[in-house]
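Each of the next two complexes has chain A plus one other chain: chain B in the first, chain C in the second.
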Partner chain A sequence: MAHEEVKGCVILKDLHYSVQDNTWVKADGDVVTIGMTDIAQSLAGPILHAKTKSVGTARKKGRPIATVESGKWVGPVKSPVTGEIIEVNEQLAGDAQLINRSPYRDGWVVKMKASNLEAELAEMTTGEAAVEAYRQKIEQDGIACTHIDDSDTYD
Partner chain B sequence: MEDFEGKKILVIQTHGVETPTRTYSPLFYAMAAAAMEIEVMVWFTMNGTNQLKKGEAEKVQLVKDSNVNLKTMLEMAMDSDVELRVCQQSLELWDMTEDDLIDGVEIMGATSIIELSLNYDHVMYF
Partner chain C sequence: MMALDLSQNKHADVSYEEKERLFEEVKADERWHHVLYGCYECGICVAACPSARFYDFSPRVIAQAVAREDIDLIYTLMSDSIWDCSQCFSCDRCPRQNSPGQIITVMREVAVKNGLQTAKDALQGYGRIIYKIMATGSQVSPDMLQPDAFPDWGTHVYEIAENLEEWRRALPPETLHTTETGWKVDQKTIIELYLIWHMTGVMDLIEGVDEGLFMILVDVMEERLEEAGYDDITFD
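Presenting the complex of A and B:
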């Protein structure tokens, strides 16, 4: 999977990003998988608890789909799309640091059936534009990503 | 996770910069509540008031070499839509005026705290 690293922060080019909220989306038809970015996991630090909203919960774009807490931060994961949660990552309940180790793969947060996907994907960034958007954010905020042991590697 | 949207929590903080270990947790709980879509307000009174004096919170750092201090905690709380309020009468206790307060904090009187505490779903007192 094509990727780029900026100050240690991995950005996968084939995902769509809500840069402001540090979330990513992977669409398969109108079903989307949503997760936190590598930058988000790094800023949070080792995550202690991740509580997702329940399957069947309707969410508008921007509203929380999960609450994540580390030793130094607690906050929402904001939905980048409008729709209904159809699956949650049950593994996070017992191993929240899956988000730290594998933010783009095993540490996904929820899957949603999106109801306005085409328009909302168009508002996100992807590919080189996403890399550039994150490069600016990383430089502006002085971010450098760190990874805990056994984190995913990218070819 | 249960849906708590529409619930309201009032956090009352009476501890100030002279007791750093009692300053972080109330703000952390407030941010957790905000992340859960709970309407949350932190009310600073008694010694808690001195946290809000310009230039004071920056000096309170719990974890050595961390980039997080009490001022950044207060800012993170406000960024999370946590409302910060301070007791009018407590300002006088610390010889403070509105001009001494960090940005984003509103002043309210004693009757307001009584009204608030009766109208909130839960009060957490520190």
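Presenting the complex of A and C:
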């Protein structure tokens, strides 16, 4: 998969990103898979708990779809789209560090049926623009990504 | 000896009027007239202060700055130094009955109420503790003992973190057989706590300091309150 690495942080070019909230979206029709970015997992540190909202929960863009806890940090995963949660990653309940090891693949958080996808995707960034946006953010905030053992490689 | 560096303002400067407004809010606190009487410069507070020993911090500077009403310096202190105080109140042994520790308490509260960046930065590390106490009723949880969070515990913390459930099950009271919360908290107690947070305006303070944390707490609390029959309470 085409990707770029900035200060150790992996950015996949074919995903859409809400850069501010450090989430990614992969759309398949009006169903979207949502997850945390490599930067988000790195900033959080080894994750202990990732509690998703239940299937059937309706969420507006910007509202929490999951709560993520690491040793000393807690924060929401904010929904980058408006819609209804139709599937949650059940594996996270027993192994939240899947998000650390595989933020873009096995560590996805929820799938949602989006109701305003076209407009909301247009507000996100993708491809080279996403790489550039993250490059700026990484430099501005002095971020360098770290990965725990057995993390995905993108070669 | 390391000199106090008070010239560096670590956060964005604001207008003199804004600094004055913040200090007026500090002085309007009802505790104000019981915590500051004047300063001999005897240094007893500094001698007693553990933070002064280990950080670039002096309770005497705090007491003198507010006594002189040095608005610029007070703002500089609010933007950094006040968070170095460990709130042990050893400085209460002041012969003039000043309490730099309590002056700092008031300054911190004003910083939090006004959502100053300095408060956000200082409290960031406490987010999970606030989440724990407000969402679960116990402020610390055994699973906070992680090597990355407490490296100062030494290599022993790896062993504790790895076998945490076993360690906890070894404790006699069943209410302590938990890893995500300090102990099992009764649902009724949790609902009472949520109502207290709601009624006392604590949630408003949190919203000003950590929007993400506020969002999570609202989510947890509204759901549980609704289940308990309080469906007319919202925090937004």
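One rule holds for everything that comes next: the second predicted complex is superposed on the first by the 155 of 155 C-alpha atoms of A that agree within 3 Å, B and C clash if a C-alpha of one lies under 4 Å from a C-alpha of the other, contacts with A are read in each partner's own complex, and residues count from 1 in each chain.
Just so we're on the same page, a residue touches a chain if its C-beta (ideal position, glycine included) is under 8 Å from a C-beta of that chain, and two chains touch if they have at least 3 such contacts.
This structure is a prediction, so every number in the text was calculated from the model and none was measured.
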Clash-or-fit label for the pair chain B, chain C on chain A: clash
First, second, both or neither for A:48, with chain B first and chain C second: second
From 7-15, 43-51 or 115-123, the chain C stretch with C-alpha clashes against chain B: 115-123
Touching both chain B and chain C, residues of chain A: 53, 63-64, 67, 69, 72-76
Touch list for chain B against partner chain A, complex: 1-3, 28, 31-32, 34-37, 63, 66, 68, 76, 80
Contact set on chain A toward chain B in their complex: 51-54, 57, 63-64, 66-69, 72-76
List of chain A residues in touch with chain C within their complex: 45-46, 48-49, 53, 63-64, 67, 69-76, 78
Complex contacts: residues of chain C adjacent to chain A: 125, 127-128, 131, 143-144, 146, 148-150, 180, 212-213, 215-216, 219-220
